[in-house]
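Across the two complexes that follow, chain A remains constant while its partner is chain B and subsequently chain C.
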Partner chain A sequence: MKVKCYIQGMAAISPQSTFEGDIINMPLVRTESNRLACIEPDYKPYIPANSLRRMSRILKMGLTAALKCLAVSGVSTPGPIVTGTGKGSLQDTEKFIKEIEQYKETALNPTPFIQSTYNSVNGLIALQQQGTDYNNTFVHRGFSFENALIDSLMLLQEGYSHTLTGAFEEITPEHFYIKSRIGHWRADPVANIDLLNTNLPGTIAGEGSTFFVLGAKADANSIAALSACKLLYKPSAAQLTATLQELGSDADLIISGANGDSNHAHYYQLLQDVLPQPSIPFKHLSGEYDTAGAFALWLAASLLKAGSIPAELFPMVPQFPTDFKKIVIYNHFYGEQHTVMVVEKV
Partner chain B sequence: MAERVFITGMGMVTAIGDNVAENLQHLRQQKSGLGFTDYIDTIYKQVLPVGEIKLSNKALFDKTGIPVQHGFTRTTLLGLAAMQEALQQAGISDVSATPTGFINASTVGGMCDTEKVYFDLINPDKEGDFIQSINTLDCADCTQRIADTIGFHDHIATISTACSSSANALMFGARMIKHGMYQRMVCGGTEALTRFTLNGFNSLKNVDKQFCRPFDNQRTGLNLGEGAAYLVLESESFARANNSTILAELSGYCNANEAFHPTSPSPEGDGAYAAMKNALAMSGRSLEEVQYVNVHGTATLNNDVSEGRALERLFGTKVPPFSSTKPFTGHTLAAAGAIEAIYSVLAIQNGIIFPNLNFSEKMEELSIIPVMELKEGVLIKNVISNSFGFGGNNASLVLSKYEG
Partner chain C sequence: MEELKKKLKEQIIEALNLQDTKPEDIDDNAPLFGEGLGLDSIDSLELMVLLERQYGIKVEDPREGRKILQSVQSMAEFIQSKQQPA
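Presenting the complex of A and B:
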């Protein structure tokens, strides 16, 4: 979909120090394991203590990122709330499966069941903010966040002034193990800064909660513009090439979802061949997960706002463009869901 | 002006039938699909009634014409069965001949099968073919397997907003058509019974040990069900150029959040009221032009008070005939919105209003009662279909008779 909208505010909880401060002064968090965990903020300023006790991890991360995003955007109501999540609350799903077994289906606590529902974060944001408008949750692996974006772009065209659009994902130790059984992760631990130096099967796991307030009109608060979002399901090389050329030939900077996984690296090679412009990776910062595209959008908007690329965060990149106005993000999730976003300076 | 959106194909499988015609037949015969489960491993096997489709997974493989294999969960198979009928009815033999999007809905993905092997999945000592099914846990799995089997390769998405999921899938597809992104979308949802959801709703103490009694003063909860349903949506210009058979118009819809409680609706039905009111406003129809409301009507204590109050607030003393079809199918969660959208179209096409089974006593909080007997020969031009879910996710659709 090629319709322009404006990022009016954003917030990200990630394995990097993204929640506080700005990207220019952000230190690189170096990791040595294959499971990157979020740096969780102090939730108390955002969530009352009695609610906090009952909430599982992804609910806290989702709600807090959404609340901070709304606060920095200065909007009085959230408007439509549209999110994406590939896995929802894994912690609650795992807990309820186990409690069914452990307590032989009797006297079960319903809380993990309720919180395992994929739309529970959306419901919670609406409840806290009295957001009675449109509310939707997409649950489609590497298309979850991008479908939320498409939905938001339609809502803005339908007359809403702004939307709250985001994504949230967690990786639990148990789910990390499950996915290791089908080769999602590197067999041996790899440092995040070395991830792209080796071309081996598997990558590193990540997680994150990222929210944006998207507006229909640009104003003094606009951080960046999102001018295109395209989804390609299991595309042929020719289809992918055509889309990258159409959307990216005049881009100044490419943000690549490259994750060092040799099973699917050929798509990122194709990206480099079709769009030879300067390129930076982001999975060494976020790890791989269904909705990592939301982190990439946060990164693109942050860099456009800052006007430069902090070398500290990208030790594997030899040199950076000094001036960039148009960024193309290309990402795919295990070769199936491919997405291209175009982000521009306002 | 955005294009009108027409329904040009429908397919379904529920506890009362393996296709649309069988569903209609059993609705007419007032034959409920509720009973006890043959396929779920639960201590409630003979305790909690469910709306189960009496086809084993093997029978579903046969029905859908694909070889028995790992990775195809019951959720996927039910969806495939409904999808095949919808496309056949719409006269679509090659879905890729016209760019066609697919919007699916699911609440727990392939949990029906995953829960049977979950403890092996997390046990390093266990090896076997079950590992091929690892990816079936999430909600996208069924969507992609259906898409790949059928040959969808354009826009695909999966929506999960609890019990309003497939109503939102229909809405999202209709909006993509109105925005000119696609001329044709196939939308709906699929849901298989699981031990996970049965225990989930039971832990909330809102599952009835008897057959559910929507809008009855003595109701004590819902019965779960399983099923799948898909509707083919086409833009007006495409449907005309393509000479499609137009079954009905999706003339209005609204998604509104209630922002009241994580699992309970508000006593005055604010969300239900807003969803119905705005959907009707979008359709351009007046209150008097609604001849039937297919209510959400789960038979939980809270839903029926809330939804009933919303009906009274919206329609005043002139509440149209309404009924819940949940006593036929059970509550099919993510599939319910699409199943009941098809029932609404059947009501319009056949001039019938389905009875609200198991009703005997008016609720003390309400002055209205549901339709108790099958009504035939009724002119039905507009139907409101409601789907309300956890997280305050409310959705209403308006289905209208096609009159050129």
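Presenting the complex of A and C:
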């Protein structure tokens, strides 16, 4: 889809210190484990204590990132709220399922059941902001965030001035273990800065909550423009090549979803062959998860806003372009859902 | 009775995750909903689950539940009445 929209505000909670400050002064958080956990902010300034006590981790992360995003954008009433999540609240889902077994389907707590639904973050945002407009959550594995993005673009085309668009994902010890059984993660612990130096099966798990206020028109507060978003399901090499050439041949910088997983590395090799421009990775910062594309979009917009690339965050990259106006993000989720986004300087 | 009320307060704090609240902060006769602890309708369902899990008491009639969940005192009296041999 090639329709332009503008990022008017954004906020990210991630395994890096993304919630406060700017990207230029952000230190690289080095990890030694294969499960990257978010650096959680103090939620009390954002969520009333009486509501906070009931919320599980991902609900707090989702709601807080959304509220901060609205605050920095200056938009008080969000209008449409559109999100994507691959798994929703895993913590609540696991708790509810365990209790079904433990209490033999009787005496079940209502809270984890209510909060285990995918759209509970959207509901909380709407309740807290008194938003009664369009409200939708997309749950499509590696396409979840990008579907939310495309829906938002269509809403802006239909006449909405703004949308609140985001993604949220958490990894729990139990889910990490389940996915380790099917080879999603590296067998041995790997430092995040060494992830791309080693080409072995599996990668590192991650999580995050990222929100954007998207606007139909550019103004003085616009951070960056999103000018294209394309989704490809299990594409052939020829299809992927054609899409990358179409959207990225004139890009100044590539943000690659390379995650060091040798099972799917050939796609990122193809990316390098088709688009030989300077490239930076992002999975060593975020880890791998269904909606990691939202973090990549936050990264692209942050870099365009800053006008330079902080070398400390990318120790594996020898050289950076000094001037860049157009960034192409290519990512895929375990070789199935492939996404390409184009982000430009305003 | 006093022991039961103390235990009940601890169980309420844990079940509802009432951070920064101690058992001694909860008045036996203070209303649990609206004023007092300021609980809401989802909390009332959580308290019903607490009664069932911890004391094996199932409250079938919602009108009865309203009276039972008025305060810690009313909850304790209800539990005691159910625990006394007929």
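FYI, the second predicted complex is superposed on the first by the 346 of 346 C-alpha atoms of A that agree within 3 Å, B and C clash if a C-alpha of one lies under 4 Å from a C-alpha of the other, contacts with A are read in each partner's own complex, and residues count from 1 in each chain.
In this section, a residue touches a chain if its C-beta (ideal position, glycine included) is under 8 Å from a C-beta of that chain, and two chains touch if they have at least 3 such contacts.
Here the structure is a predicted model, which is why all the values come from computation and not from measurement.
Undergrad: Residues of chain A touched by chain B versus by chain C: which partner has the larger set?
TA: The partner that reaches more residues of chain A in the superposed model: B.
Undergrad: Considering only touches as defined above, state whether A:Y330 meets chain B (first), chain C (second), both or neither.
TA: The answer is neither, since A:Y330 touches no partner chain.
Undergrad: Should A:D151 be classified as contacting the first partner (chain B), the second (chain C), both, or neither?
TA: In the superposition, A:D151 touches chain B alone.
Undergrad: In the superposed arrangement, which partner chain does A:K104 touch: chain B (first), chain C (second), both, or neither?
TA: First partner only, chain B.
Undergrad: Touching A:I114, do we find chain B (first), chain C (second), both, or neither?
TA: both
Undergrad: Once the complexes are superposed, what residues of chain A are shared between the chain B interface and the chain C interface?
TA: The answer is residues 106, 108-110, 114 of chain A.
Undergrad: Which residues of chain A touch chain B in their complex?
TA: It is residues 1, 81, 86-88, 96-97, 100-101, 104-106, 108-110, 113-114, 116-120, 122-124, 126-127, 129-141, 143-144, 147, 150-151, 154, 157-158, 174, 177-179, 181-182, 231, 233-234, 336 of chain A that touch chain B.
Undergrad: Can you name the residues of chain C that touch chain A in the complex?
TA: 16-20, 38, 42, 45-46, 49, 52-53
Undergrad: Which bits of chain A are touching chain C when the two form their complex?
TA: 49-50, 52-54, 103, 106-111, 114
Undergrad: Note which residues of chain B are touching chain A in the complex, please.
TA: Listed in rising order, the residues are 42-44, 106-107, 109, 115, 118-119, 121-122, 124, 131, 134-135, 138-140, 143-144, 147-148, 152-162, 168, 172, 175-176, 179, 181, 195-196, 199-200, 202-204, 255-263, 270-271, 274, 389-393.
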